[in-house]
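Note that the chains take the letters A, B and C in the order they are written out, and that residue 1 is the start of every chain.
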């Protein structure tokens, strides 16, 4: 039941992000009366410069989802490659790759991104890239240990005997067996990336030209949303983050738990 | 030997590479190197700048600068902040204790709470109470900690006035400090607990299918004693790995929670440094945090080898 | 007097979409100080019987029938009361010692556990007891063995440790589930010697489960031959080896190396859809027409029980 709920929500959020232009009641950059309470015309009120908060929220899903999913795709691909090659070829290559992984694991990632963002002009693409390039390590470890198991299986050995090329074996024999561990890992990476993006935006390191949910919270706080008790302003983007992350994480965990039962 | 040579070597290499990164970043980033090294609060005449360039060694070749950089690190010279008008290292040392006061109790409480509840959740039948606990922890797992901070601050301090709204500085009795730290620690330990809970739960779900559990029952063990006498130790191994891996993530979370509660720790320091583009402070914080993360990993490795006898043998 | 009586035991594993009938109506008695060998091919349900006596089967197992021990039906006893019998009255030597021992606890810890759980002994005393026991079992360097972890021991050592653990509380019944599986000849002899020793220590009864007929011959007083979840013949061990009655028993003995290594024709029957009539009839050299129609009942002939139309 938990995962069906999660699946429906994830699909819903993705649809909202794709169809933002059609479903949002206003243009998020249009200005109306500022600081309006929720009313018929503006269901979640307006912000300090009069933007409709609901429309901002709907369009904000784009930036948030792009960063979260984009970073997770980069991280998963990197982790998959490193883990696959490490586990398949073993030996010196494995030592080097796992050494690099261990080193990356120890980099304080968010402080590093803060430092980079302080020097560079921040954009969602930069944040996405930085998160993706720093978050592949645990995927690589998981993929590697699974590859080590799979490569010992009979059909892989027979594929080797038949003289198939390594590349062929890795991508058509081993890869399909790795998906069950990669899929939940991917979902958890989306979650971490989104939480990180929201946190970075909270420091004002977000991309003002493409407002994400995290940046909306940041604006609501500096522009007095909390002190003026305009809870609909800062609470709604926060709840959107929690809800989306919750649904994707619950999908990931239920996937993992089911997989364990099947593998038993 | 507590740690294998290979592991120790990796720690050293990690330290070396991350510190080198810290050297490279300000020197390759766009913008004036003087500004990148001294911060935007530094405004001086052309003559002073020339003097400083010599003092900072910017007239020397990069390799010389690099050697100087390491010399500075070993002598704890992390530069000077023109924004705070203080040596970076002394600012950080002053602020660090509050971050640690928030972080360590949270990690400890989060580990105890998360592993215990997670273990019971994986062990017991999946009834409603069990499911509700998992949902609740999953919700915390999915929340950015600073956002929880905002909500707690609003409800407990702003609305109900139970806890102080503003942050605190170094004056104050122990009780005063405790009152200020209560909400931040509550949030961070629940957040840490939620991550440990999910891993421990999954780990127990795997472990309880193993044959040694059947054998424990055959020996006459019954109910929770099977969990605590046999499964718990095995299942906690992945959690120890996780606590080490998570340390950096939790630390970052703590930094943001500090900002929400205006605590006078490293998080607020980074925030202030960021707003005034005080690069030396940012870099100094990055170095100190790196050392903390590596130390945490080192500690977790040692703890792991105490719990899992198989590791000690290999080392 | 019978110490343990199993009456019409039926165990079905629900593995949707199928039902595996692992034990199909087994009746057995175990007498005081008697060793009963349960033999048959791998997968015929021997181990399932062992685990159902202690109710250690997974949750998808449906267990019916009666298992009477001291006027109690073990299948009806509350879990807590049964837990008090496990290890203390009835102990189990599991197969696969590498997985049965907990990897992160020392041998000493795992050996003393029954003493601490059932008798509430203090740790030092329990360790001393365990050490004495290992000495009686001729362990080399019992103190080292106590301190060792499972991963530091060979498979044979681990098996011997399990035998040691089974006897720490002087149980009335020891169930040894394939204790010689995977061991070489020397270790096999050692394990059999040890089992005899622990049996003698408290005059315990023993259920010896094995596919190794020679081991069963060496150690048991009585033997029961299982096939596809059923017992086909049960007899005193001496007489059985002199003259097996059931065609399956005969075939089994002829498959032994010293009697010509003649394999039994055909394949083991499906436990999901067993053959109609006598389950052995598709492989039986002496089958009659009625064998495929009607399942034979136990008949008492020549001082033993046989399930075959030839003897009715």
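Here, a residue touches a chain if its C-beta (ideal position, glycine included) is under 8 Å from a C-beta of that chain, and two chains touch if they have at least 3 such contacts.
Computed from a predicted structure; not experimentally measured.
*Asks:* Please report the minimal path length, in steps, between chain A and chain C on the chain touch graph.
*Replies:* 2
*Asks:* In terms of CA centroid distance, which chain is the most far removed from chain A?
*Replies:* C
*Asks:* Is the number of contacting C-beta pairs greater for B-C or for A-B?
*Replies:* Ranking B-C and A-B by C-beta contacts puts A-B first.
*Asks:* Per the centroid of Cα atoms for each chain, what is the distance between chain B and chain C, given in Å?
*Replies:* Averaging C-alpha atoms per chain gives centres 54 Å apart.
*Asks:* From the C-alpha centre of chain A to that of chain B, how far is it in Å?
*Replies:* Between these chains, centre-to-centre, one finds 21 Å.
*Asks:* Using the touch definition up top, name the residues of chain C that touch chain B in the complex.
*Replies:* 51, 54, 56, 79-80, 83-88, 91-92, 94, 96, 99-106, 113-114, 117-118, 149, 151-152, 165
*Asks:* Tell me, which parts of chain B touch chain C in their complex?
*Replies:* It is residues 210-212, 214-223, 225, 229-230, 233-234, 237, 307-310, 313 of chain B that touch chain C.
*Asks:* Quick one: which bits of chain A touch chain B in the complex? Just the residue numbers, please.
*Replies:* Touch residues, chain A against chain B: 2, 99, 102-103, 105-112, 114-116, 118-120, 138, 191-192, 195-196, 198-199, 202-205, 214, 217, 221, 226, 231, 234-235, 238, 241-243, 245-246, 249-250, 253, 256-257, 260, 264.
*Asks:* What residues of chain B sit close enough to touch chain A in their complex?
*Replies:* Touching chain A: residues 10-11, 13-14, 17-18, 21, 25-26, 29-31, 36, 131, 135, 138-139, 141-144, 146-147, 150-151, 154, 158, 198, 202, 205-206, 209, 245, 248-249, 251-253, 255-256, 259, 270-271, 274-275, 277, 279, 282-283, 285-286, 289-290, 293-294, 297 of chain B.
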